[in-house]
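The following pair of complexes shares a single chain, subunit A, combined with subunit B in the former and subunit C in the latter.
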Partner chain A sequence: MIGFNFDYHRPGTPEEALSCFRESTGQGLQTVFYSGGTEFLTHARTGEISAGAVIDIKDIPECRELQWDGEILMIGAALTLNELAGSGEYPLLALAAKGVADHTSRNKITIGGNVNSRLPYREALLPLLLADAAAKVAGPEGERTLPLSELVGQGGRLPSGELLLQILVSRRAVERPHFFRKKTRMTKVGYPLVSLAADREGSRISGAFSGLCGQPFRLAQVDEVLSDKSLTPEAQAAEIRSLLPTAVTADQYASAEYRLFVLGRMLHELAEEWEECR
Partner chain B sequence: MEQGWYSVGQPEQRIDAEEKARGTVRFVGDYLSPGLMHAKLVTSERAHAEIRSVDVTEAWKVPGVRAIITGEMFPFHIGPILADRPPLAFKKVRYCGEPLAIIVADAEDQAKQAAERVVVTYDPLPVVNSPSDAMRPGSPLVHEDAGSYQKLISNVYPVSGTNIGSHIKIRKGDAGAAWAQCDETVTASYSFNLTDHAAMEPRAAMAEINPSGKIIIHSCSQSPFTIKKVLNQFFNVELGNVIVHIPLVGGAFGGKGTVQLEPLAYLASKAVGGKLVRLEYSREEDMRTAPCHIGLEATVRLGADKDGRLLAGQYTFLFDSGAYTDQGAGVTRAAALDCTGPYDIANVWCDSYCVYTNHPYATSFRGYGHPELSFAVERTMDKLARRLGLDPVEFRLRNAIKPGDETPTQAVLTANNIGDSAQCLLRAKELIGWDGGKAREAAGGKVRSKGLSLFWKTSTTATNAQAGAVIKFEADGSVNLNCAAIELGQGTKTVLAQILSEKLKMPLSKIRVTMEVNTQYDPHQWRTVASSTTFLAGRAVMSAADDAIAKLKKTAAVALQCAEEDLDIGDGRVYYRPAPEFGVDIQEIALGYKFPNGHTVSGQVIGVGKHVQTHLTPMDEKTGFGKPGPWWSVGAQAVEIELDPADYSYRVLKALTVLDGGTIINPRMAEQQMRGGMYLGLSFASTESFRFDAEGIVLNPSLRDYQMLRFGEEPAEYMVDFVQTPSAAGPYGARGIGEYGVIGMAPALANALSAATGAELDELPLTPETVWRAAGEGSR
Partner chain C sequence: MNRSIRQSKTVYRLNVNGETKEAMGRPADLLLDTLRTGLGLTGAKKACKNGDCGACTVIVGGDAVHACLMLTAEAEGKPVRTIEGLADSPVQRAFVDHWAIQCGFCTPGFIVKGHSLLEHHPDADDETVEEWLQSNLCRCTGYAEIKDAIQAAKKGFAD
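And then the complex of A and B:
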């Protein structure tokens, strides 16, 4: 049971969605875009989120597209994680997506919602950070395309009133050799203590992490450490630790020390997996 | 013993299987009624604070709000053992999530909106955040004067000026002198936090008061007659004016055995002129506000001679009962009286404390003190075996309790009141392929190991705990059974139907059991807890069947013109034993026998029966001396795990239970019940735990972050076997088995992980991080 009333809109085009947003906010209603609804509904029920108007973007055709435009894969923001995982188009994204929540929830959770989630994990973002993905966004100033990391990297979220339509990824990024590991506290379904998505171009390894710090991150200096063949996994872990953007998370799921231990194990597994490149 | 069972021992399908599988069963939360009003609670955001004010001004402005009830409107304490808990907090709050006010509104969302607008201001008090903190001299007090509260039973001993809600003592033999005789001793400490029952159905209750003063409660309780008692004792209403209706219950695990929602629903209904009001907890309220599973800090010291004979045991249990004693005081007592586990120890010293903290309060949980004490005892047994250089199985066998021995409360065990613990252990050893508890290398650098535990439990029911049953006949000769045993998923109604089928030698399909319970027409029953229902209600059904059979024979004797004692019953007939083809169908006599001329004699047959506990006593305050329970069921459990030493993750390959349940009435359901118990035990042991911050706030009061084992994470293989030493007092030789699958899982898992890592695993839950931490600091 949600303890507040809200207007619900379901526009068919980005233009309609934006004008709907203008009207609702003009009436003084706090307005949010809405897609799978898993986060809105569960947090609204517990009183952690509220809104006066909700604009559901699932009927906007662009947001439901998954197709190649030449060398670019266009991923509609309202595609569910299971749709993406099942499509076979983007194997690393499929791995990361399948780690999120449980199967029933992934039938609803969308890629746009996950990369913009209010939770600190946003694991579907990891492959997209490695791919230097672009975001196609509709906003008051019209449509624009910009690096996804500018929008939602470094702990950022989409500005209010901006609508994520699609995520764009290059074929080269999609086809790179890749690696994904997720470690939870105990049960398979759960938030990551650490998730690591990595890909490789020649001997150049890039990695993106979730769970380790307060936000998912990918850092150029960390990529350098991961690519440095002279370092043992232990040495890599120590280096990465010194480069982390914020303190290692310590919460009810795990201590910071254990997260670092898990990170070390993952780097071992990564080194084993790509032994031939070392 | 009778041989050649009719229905007992058959793997009959549950009589409620189809409705449940089709999803057509109605639970309390499914009932709608015109004019139904909705209640929501305002709960405390603090774990320990004085209430400065509760401002309801803004809440009244929400449309549809009909009543707001706050704590000072009912400033009295209630409780099942010690009356220490106000239904709504007044003056101070003692846990985060404690009810402070009730909003009653026309619609549920209105009530919820209004509840969110109540402004409570607090003056914070220092928080008592663990039982050991609570026991420290000078600790803040959760209750200023625990000794002043009304006692509802005799065996509860609060200590004023401390955080002790009850202190139970066991003094057997000369524990002081015995230690000098021991060649080896071991002392170790254990702990785990409070956890949740997490039944699939969150708790809900509805209440109304009709114009003639009858109070009708609909609830998902295990204890309908206790609801009547509580309303009578504390709310000054006549016992007979309270009617309690219980539909099917969607899982309970002990959490619905105590009375919490119903008084709140009653107060809510009273505040709106007796209208029907529903109070239904969200999952989060069910976890945070409703009572949960008790926590424990324990220290166990065991001593043995060089032959591996246990000579002395000392047990200190600090139970984290949270803010109120509730059934925690009973758990404290139950753990004390079985403190040794199923071992014969001549010298026993136990101090079991029910400790107040500022945590959500605890109540009964499947096993009632026994999963808790078994974790501490069975871990210590493994340690002492190692020190003695004995195989853990051999060490347990040398000390396993048997007829002729005495329990810690000096109750004498006989062949009838205890099962065969050695036999259970030997069978478990064989089935798990016991290898001495050693770690073995497995493929991929993994390590496999096995751990086991031996356990027992008696049921500390009230000394006058009882059940009744009524049997009525249809005109077609089929039978209806009414009994106040609650169906909560354990299959009790099916077992009772089988017992009746056995007595009447009538197919199960001709027996219909009323699934719901209504105190207005069902005979009195104590409660559906303590693995006692097959025993108490089963015996009541047998007694009702005997009554019905005698009456059927009396009528049949008229019809058949013979002596009653020459008649037998079976397959829907009463027949003349010397010539069985000569008889009368039950349908011809069930509503009286009609002669060809229309004259009718005897009228309908109604069978009534009851059974009450025999020769139970309370415990002596100073020594614990007494006979607390009717029988002890014993069993052995084992697990095999595979651990990845690289990251300390593990999975459970096999989980095994061998239980001496006496005669098993329904082997398929019994096996399923053991599997369910093992799953619950493994989930509690491996992942479940409420986490508290420094202020005593629960950090994980939702299933988003309170992690349980999920479907698919169960052991790869379950193994269940039964030793069947008949219990002379039980129906057809059956003992209680409901709780037993849980009891030994935590120590079996911890023993296996200790074997795999060489580390001592003495804390729950056993997450990979717990194992990693212990392995880093443990001695390999």
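And then the complex of A and C:
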């Protein structure tokens, strides 16, 4: 049971959603956009967050689209992770999506919710960082498109009052050879000790990581290390360690040293899989 | 605007197991509470309340979801299927035939998830069964019998 009340709105267009937001905030209600809602409901039940109004975006057609517009794949923010995993449109995103939570939860968790999550993992974000994806956002100033990493990269979150409509990815990025590994402490369902998504364009390898540090990240310097054929996986792991944006996570799931060991094993697997380009 | 519910109570009209049912509730009410308290359908179990255990699994709009992580308002306009709607279904019969039950608390969730699995993948391979069943926990650890029951129920679905 959720111990507080809120208004519930289910608008049919972005304009209606923004109008609801203005009206609710104008009444002094703390207002949130709601997609899958799993994280909101979990924290609302425990009283960690509250809201006076909830705007459910799942009836906005734009937020439910998955289609190509020429060379751009438009991914609606309210598509569930299972819908993306099952569509076959974006294989690396499908792999990353299937690594999040469990199958039943993935029928509810949406891509917009995952990339904007308060949790530090956000594994569905990894392929999108590699793809230099763009975000189509509706807000008080109208619609705008900007790099997704500017919004939710490096621990960022969508500003209050802005609605993520779609994520835009180029065909070139979608079709690159790719690699995805997720290692958990014990079972397949669980938070990652380390998740690595990588893709390749010619001999250039890019990687994005989750679990290793406090937030998912992709760094140009790390891409340089991953692409350096003269380095062994052990040397790459050592180089990457020196480039990490924050300290390696140490928690109840694994020590920092063990996470680095897991990273080294993943880099071995990556080197084996893409041996031909080394 | 498709739907707006203010903080006062409202009457939800839900399509549950093929019947239209009405229940009074708040916008903040969870589907699990409405099913159990508002409609008396206590088959979906309240356990972790956090989407971790799968004991509250129901099928909404054709997909298995945790009823503890869904607002009742979200289920309006979509068919809801609970364990009560799966009486004498192939999966339920297979659970009985294969003794896929120990204490029984997790059983409704497993049967609903298994039914949804076979609706989507009537010929599910072992890997798919494994992936789908990872959503549900059995503290009695009767997983082997549960997987056997799901595999056996495939024939019932085919028939």
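In this text, the second predicted complex is superposed on the first by the 278 of 278 C-alpha atoms of A that agree within 3 Å, B and C clash if a C-alpha of one lies under 4 Å from a C-alpha of the other, contacts with A are read in each partner's own complex, and residues count from 1 in each chain.
By our rule, a contact is a pair of C-beta atoms (placed from the backbone, for glycine too) under 8 Å apart; a residue touches a chain by one contact, two chains touch by 3 or more.
Please read all numbers here as calculations on a predicted model, not as lab measurements.
Enquirer: Touch test for A:45: subunit B only (first), subunit C only (second), both, or neither?
Expert: So A:45 meets both subunit B and subunit C here.
Enquirer: Between subunit B and subunit C, whom does A:64 touch in the aligned arrangement: first, second, both, or neither?
Expert: A:64 contacts neither subunit B nor subunit C.
Enquirer: According to the stated criteria, A:190 is in contact with first (subunit B), second (subunit C), both, or neither; which is it?
Expert: Touch status of A:190: first partner only.
Enquirer: Quick one: is A:4 in contact with subunit B, with subunit C, with both, or with neither? Answer first, second, both or neither.
Expert: In the superposed model, A:4 contacts both subunit B and subunit C.
Enquirer: Check whether A:241 is in contact with subunit B, with subunit C, with both or with neither, and answer first, second, both or neither.
Expert: After superposition on chain A, A:241 lies in contact with neither partner.
Enquirer: Count the residues of subunit A touched by subunit B and by subunit C, then name the partner with the higher count.
Expert: If we count touched residues of subunit A for both partners, the winner is C.
Enquirer: Per the contact definition in the header, classify A:261: touching subunit B only (first), subunit C only (second), both, or neither.
Expert: In the superposition, A:261 touches subunit B alone.
Enquirer: Just to be sure I follow: which residues of subunit A are touched by subunit B in one complex and then by subunit C in the other one?
Expert: 1-2, 4-5, 42, 45, 102, 187-189
Enquirer: Sort out for me which residues of subunit B touch subunit A in the complex.
Expert: 108-109, 112-113, 115-116, 282, 284, 646-647, 649, 686-687, 691, 699-700, 702, 704-705, 707-710, 712-713, 765, 767-769, 772-773
Enquirer: With touch defined as at the start, can you tell me which subunit A residues reach subunit C in the complex?
Expert: Result: residues 1-2, 4-12, 16, 20, 37-38, 41-42, 44-45, 54, 56, 58-59, 82, 98, 101-105, 107-108, 187-189 of subunit A touch subunit C.
Enquirer: Please name which positions on subunit C make contact with subunit A in the complex.
Expert: Those residues of subunit C that touch subunit A are 1-7, 26-30, 33, 49-51, 54, 57, 63-66, 68-71, 73-74, 113, 131-132, 134-136.
Enquirer: Within their complex, state which residues of subunit A touch subunit B.
Expert: Going through subunit A, the ones touching subunit B are 1-5, 42, 45-47, 102, 183, 185-191, 251-255, 258, 261-262, 265, 268.
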